[in-house]
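Two complexes, one shared chain (subunit A), two partners (subunit B, subunit C).
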Partner chain A sequence: MTNSSEPGSEVREVRLGATRAEGGTREVSYVIGGERDLPFLGNRPDRLLVALEVCDDPRFSPPVVRDYVGDLANNPDEWARAAERTYGADLVRLNFTSTKQRRFDAFGEIATTMDQVLAATIRPLIVEGSSEPELDSEVFRRCGEAGEGERLLLGTAEADRYRSVAAAALAYGHAVIAQSPIDINLAKQLNILLRETGIPRDRIVIDPYTGALGYGFEYSYSVMERVRLAGLAGDADLAMPMISAPADTLSVREVREAAPADRDAMAVAWEFYTAYSAFVAGASIVCVRHPLSVKKLREVLEVNRR
Partner chain B sequence: MDTVDAAIERGRTALDARMRALVGRLAYADTAYALPVTYAVTGIAVRDADGAREAYRQSGNNLLIACECLMAAGGGVASPYTGFIPDTVLRRLGYTLVDGSVTGLGLLVGTPENPDAAAAVCREMQEKYLLTFLAGGVVEALSGAGVRLGLDYRLVPLGPQSAHGIHFADIIARVAMMFGGVQPGDVQSLLGYAAERAKAFVVAFPGLTDEEIAFVDALRALGIPILAAGGTYEGGAWVPVAPADAVRTGMDLRGIRVTVTAIPIPMACSPAFEGKSIRKEEMYVEFGGGRTPAFELLRMRPREEVKDGAVTVLGPEVDDIPEGAALPLAILVDVAGARMKADYEPVLERRIHTFVNYGEGSWHVAQRDLIWVRLSKDAVAKGVRIRDIGTLLAHKFKLEFPEHVDAVQVTLVTDGQKVREMLPEAREIYARRDERIAGMKDEDVETFYSCTLCQTFAPNHVCVITPERPALCGAITWLDARIAHEISPAGANQPVEKGEVVDAVLGEFLGVNRFVKKASRGEVDRISLYSMLENPMTACGCFECIAAVVPEVNGILIVSRDFPGETPLGMTFSTLAGTIGGGAQTPGFVGISKNYILSDRFLQAENGIVRVVWMPSSLKEELGDRLRAKLAERGMPDLFEKIADEVSAPTIEDLIEFLERVGHPALGMRPLI
Partner chain C sequence: MKALEIYKLLPKTNCKKCGYPTCLAFAMKLATGKVEVEACPDLDSGTKALLGGATRPPVRLVEVGVGERSVAVGEEFVLFRHEKTFYHPPGIMVQVSDTWPEEQVRSIVETVRERVVHRVGMDLVLTGVAVRDESGSPDRFAETVALAGGGSALPLVLIASDPVSHEAALAVAGHYRPLVHAATEENWQDIVALAKRYGCPLAVRAADPAGLTALAGNCADAGVSDLMLDPAPRSLRDYIAAATEIRKAAIGRTEPALGYPIFLDTTPLGETDAALAAGILKYAGIIVVPRSLLPP
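Let's look at the complex of A and B:
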């Protein structure tokens, strides 16, 4: 299964972000994927990335994160700047949580926030657009348009709602997060559907969906492992790098009910171990929400690089 | 009155003459695609009149190119007309087309005799999520009728003359190049994109000049039908319609459909819930599963007999029964569709299983008259009723098969008397479906089909379906799988090239092995289609029957899902199922469909039907005459009576005694193990 000498049996490379020379405004761009082996078996841990979530509406951010970042939460651009410069994230994952409000219609704000966050950051950007299917069309168009040329990683495409994300990626040159509900066949089918809309394979990143450690993470682990094995065994529709966003980890009971003094530590522990396990399972990018998790993940990746 | 064909000829002559006289520079503002139609068709970025003539010549005098070049030579248009639409705006329009918020494109040209009728056309276009462009007198007529125009209203006034409709063509050309990866000069892929992705039609009102008629007619090359609304155009390939029918006709001709995504039921519905089961303690009500009669049947009906979206429950609802009850159930799904075929019925019917499992509080196993359905207590507490299963199915079929299903109605019968009355008819239909495949042989085809529908439950299981070996669930024959692949080319049924024969008796093929290895993600290297001992096929858990070796008598027993008792092996169906399911290869055991028992290829590596020593009486009875006929054909008319059942041989000791008494041939055959 892991015979990597077979031609074509490698995870496809996906380029994220665009420098000025590449038509964007980022100071760096990243290439993820390219592995010919299982995770941490002589591949390139230097390609593994840690993303920190920034929400445009902090009410939908977990309390433990809100309390930690304080006033930053009210300014997504400042929060994003801190994510890169203070907390050391490889990239920001801008989550338009405002779209979770009932009767959201502030579409103009989406473009404004996009512009501000792009101006405040120097690294590639992940953008989670709409949270509601009926908003998809308006929201993704604005995200895509505001980020034209920046080669964003745009999320999230799902089997029954991928057209708007795909259209935005096609129209404005971005890559797409393709999420399936812990199901390798649906992951593959979605990738085929995306390809049929015209998205090339090297602009798709698989999100197999991730539960929290102790709350079903083993299912995600096993699917990620199988996606990677299938990709290495030559299945081109599964040979994409993976992204993992264990967002549920900060709402598990152990974190919610932790004593105030221990809460940050508990949150970081839960998030760190889940995210790190996702790396071990084969993720190229992990997205976390607590700033201190970034530092811990970066440290452990440094150790692995040596 | 004049014919369209004559007008086209005069228009062509006039356009040719104007092309010859064309001078000066030609350009549109704010585009990277020069003159887009010309660029897309010829690959030439035209800048001046000479270039235009050269491109026109190279295209074989394509009138769209003449019209575009002539338009680019003229001046712009004043507000409210848009004239040529710049790339940035077009990118947004194309976006709505790709993301599905626009279902298709319409162009209205000419001057309607009745502005209100034209306004009604526009309103219908808006309601059906079509993006409509307007050129010519129709714009003023609509403004006069009080219709609000502009991009925000999805009614785009291109220009005061119908000739401005050429921008409709440059929009399609640019969308194809921007979104469809169509390379300039690649006419074939341009035409392909226009035909399949940019679904468009034209409604022509009266009053077009000869040149405009020639131009509009030239749009047909992009696969765009021309609907003549009003009686002034005759002949040609134009489709005459009453204005009131224009939109429906256009949508039908282009296969444009409007879909709704939210299902109005009080439970979540997503593939995320597909793998969950509802255990007895969690169950509020159940149907079938051996406790009550139950079946499902999907049938094609004429359009007028299907009331789209109608859901009817005949018999008790959840409110009428206590918790933990069992009700009979018939799930009757009637579908209609212009592209629906009766051949597709079993394939769509099999999806009832998937769709019901998508419901957070609903669960479904098996198929046909073996179904077993449950609703959970949680779901019922949240207000879920039996009716909601129907609503779920009605929506899902339209959503998942928009190309084939135009209307769906669902009837759920929970009245035991009625269900029992309907069962024989359903069984007849199942039998007819099974007959269609009868007579086809594995050697007649080069391609088998896979089924990986069950990989959600059994991740490495791959069913290989051949004409003589239906899927082990009994619900998908080779024909069904082929059709399923036609309907959904990226779906769970994929073609499997047989490839070179490794062993004709075992039914081992190189192509099949290659496929299974890939589809099982390396777990299974090789399978024998006709053997239960040498690399038998894996089993998911949906098998209708299990065949198992009985070493003591050198034979094979078959037990079906509906038999609750113990087999002579000392195990029940469910115990055996638990041992061999989940995608494993278990030599000595194999999951099979009932129809496979009657196949000439039935476990031929183990000598087939001659080895069968035991099956439950219900299965014997069901196979009855068909099995007798098969045995007679094989020269063993008396073998039927030599097969034991749970009455004649409940235990292994009884079985040995029975077989010796009747002189079953298996006793004297080469040892199986």
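Let's look at the complex of A and C:
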């Protein structure tokens, strides 16, 4: 029962980003994973990363974030630059929310935004491409192509729609986010499917799907612990690093209905407790939306290195 | 031990003195660790020892405070919630100092007592107050403990290293089951005598599991069985590592002296939000937080 938590097999290392020497244009690249024990028991807390989301269409960003970042929201590249330099994010998660609008066809814009954001940032990049299955093929191809050589972390593959993102990752040398609906068996199954398309295990990051704290987070927490324990126990199809991107943490009632003066603090508290708990459960990367959440998480990770 | 094996060792008189209708019902509760073997008055000491060792929950249930606001922690059976579940949420105690002005202590105690968050059919409340001896004056400490209600309204943690301070505070609050913090290598004999006299739960504090094991063993031998373990963490990582090691030893029953709830004082760690989260996620039974955590 508990033997599986003993130090055993290693979580596979995944490289993100490519420096000039590695064929890209990033000033740094990261390695995540490599743990041989439960979170904060091993010796790799320096590998934990905090990502800040930047949306190409800010209408799909939570109001509390739009209000905080102000005009930045209208320029993804400026927003991304601020994420790294002002807010201190380890990396930017560029979310092509524009693909959520009906009858989206501005495919040319995708490559333009990719180029702009890559030019504005110096660290590895997470790219959430298409939000709609019928757009997958075209959107992922353009994201992948624009980021060729940069070793992006490209998302999101799901059980019924993984071929397009896998194809783009294979063609242009990126890593893939594999998302399953809070279910360890489906997570494993998707990883096997991805492997069969030719994606090597060291280019897969598991997203077990994260519900917001107080709205189902404990299920995600347990699945993350189980995935990590399975990986440490030697299951190679689950021994990948994890990414946690709670999607609705800033849409919960407590944040929406907070008094205007308290809203930022409530948003940050909600994101912080969710994201920090995801680290404790085993996530290597947590994605947040509020810039102040990044600062608070980075501070705690610095303290944790000691 | 299985319920039927336990049943064979019971008197089979169905006398109901244990509070259960039949000996078999009692055996089933024993098998799941839900009841103490002491509840049966008709067992000889040999059988009690045998059953006690095999059926006691791996983490002892310890209650702090009295009445409806009291908190019971421990009695956990697994390391990960997906293996079964966690039964007892930790108690969160807001710290006050005996060097603070009276008004300030009063206002914090009132906030802790009155603050309720209503959430999907649940009323979430803070647990109690931790009074810290920073004045060095036993009288002052006891006065502040009295100011905090003496334990009659809210569960208390009494934090002092000087047994004289504890003696003064227990004269005020001793009948309300405050958690006495802490017995250490240096003072444990005096402190354990006080905890025993008042029948209070006692936290033992040592920076390494071996020290905790020795202290907990000593205190249990001295007659106090409601113990908590304070691993005196230097950092958050330190806490997570120590708490995991302690709980593993308890659940695996490899070290019975570590089979007690864990105590976490977040105030020296700085990162209160993270420390509180780490305590809730990783095995803490009682968590002391600074007043800065309270909503303004």
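One rule holds in what follows: the second predicted complex is superposed on the first by the 298 of 306 C-alpha atoms of A that agree within 3 Å, B and C clash if a C-alpha of one lies under 4 Å from a C-alpha of the other, contacts with A are read in each partner's own complex, and residues count from 1 in each chain.
Heads up, the rule we're going with is that a contact is a pair of C-beta atoms (placed from the backbone, for glycine too) under 8 Å apart; a residue touches a chain by one contact, two chains touch by 3 or more.
Predicted model, so just to flag it, every value in this text is computed and none were measured.
Q: Are subunit B and subunit C a fit on subunit A, or do they clash, once the structures share the same frame?
A: fit
Q: Look at A:229 in the shared chain and tell me whether it touches subunit B only, subunit C only, both, or neither; answer first, second, both or neither.
A: Once the two structures are laid over each other on A, A:229 reaches both partners.
Q: Mind telling me which of the two, subunit B or subunit C, contacts the most residues of subunit A?
A: B
Q: A:300 in the overlay: touching subunit B, subunit C, both, or neither? Say first, second, both or neither.
A: In the superposed model, A:300 contacts subunit C only, not subunit B.
Q: Contact-wise, after the overlay, does A:170 reach subunit B, subunit C, both or neither (first, second, both, neither)?
A: first
Q: Should A:198 be classified as contacting the first partner (subunit B), the second (subunit C), both, or neither?
A: A:198 contacts subunit B only, not subunit C.
Q: With both complexes overlaid on chain A, does A:159 touch subunit B (first), subunit C (second), both or neither?
A: So A:159 only meets subunit B here.
Q: Calculate the angle at subunit A, using C-alpha centres, between the directions toward subunit B and subunit C; round to the nearest 10 degrees.
A: Once the two structures are overlaid, it is 100 degrees.
Q: Once both structures are overlaid on their shared chain, how near does any Cα of subunit B get to a Cα of subunit C? Whole angstrom is fine.
A: Across the overlay, subunit B reaches subunit C at a minimum of 8 Å between C-alpha atoms.
Q: Do subunit B and subunit C land on any of the same subunit A residues, and which?
A: 1, 226, 229
Q: Any idea which subunit B residues touch subunit A in the complex?
A: On the subunit B side, the touching residues are 91-92, 94-101, 178-181, 261-262, 270-272, 274-275, 399, 452, 455-456, 459, 490-492, 518, 521-522.
Q: Per the contact definition, I'd like the list of subunit A residues that touch subunit B in the complex.
A: Listed in rising order, the residues are 1, 133, 136-137, 140-141, 144-145, 159-161, 163-164, 166-168, 170-172, 180-186, 189, 192-193, 196-198, 226, 229-230, 233-235.
Q: Can you list the subunit C residues touching subunit A in their complex?
A: 78-83, 119, 235-237, 240-241, 244, 248, 251-252, 270-271, 273-274, 277-278, 281-282
Q: Name, in rising order, each residue of subunit A that touches subunit C in their complex.
A: For subunit A paired with subunit C, touching residues are 1-2, 5, 38-41, 45, 214, 218, 221-223, 225-226, 229, 269, 272-273, 276-277, 280-281, 296, 299-300, 303-304, 306.
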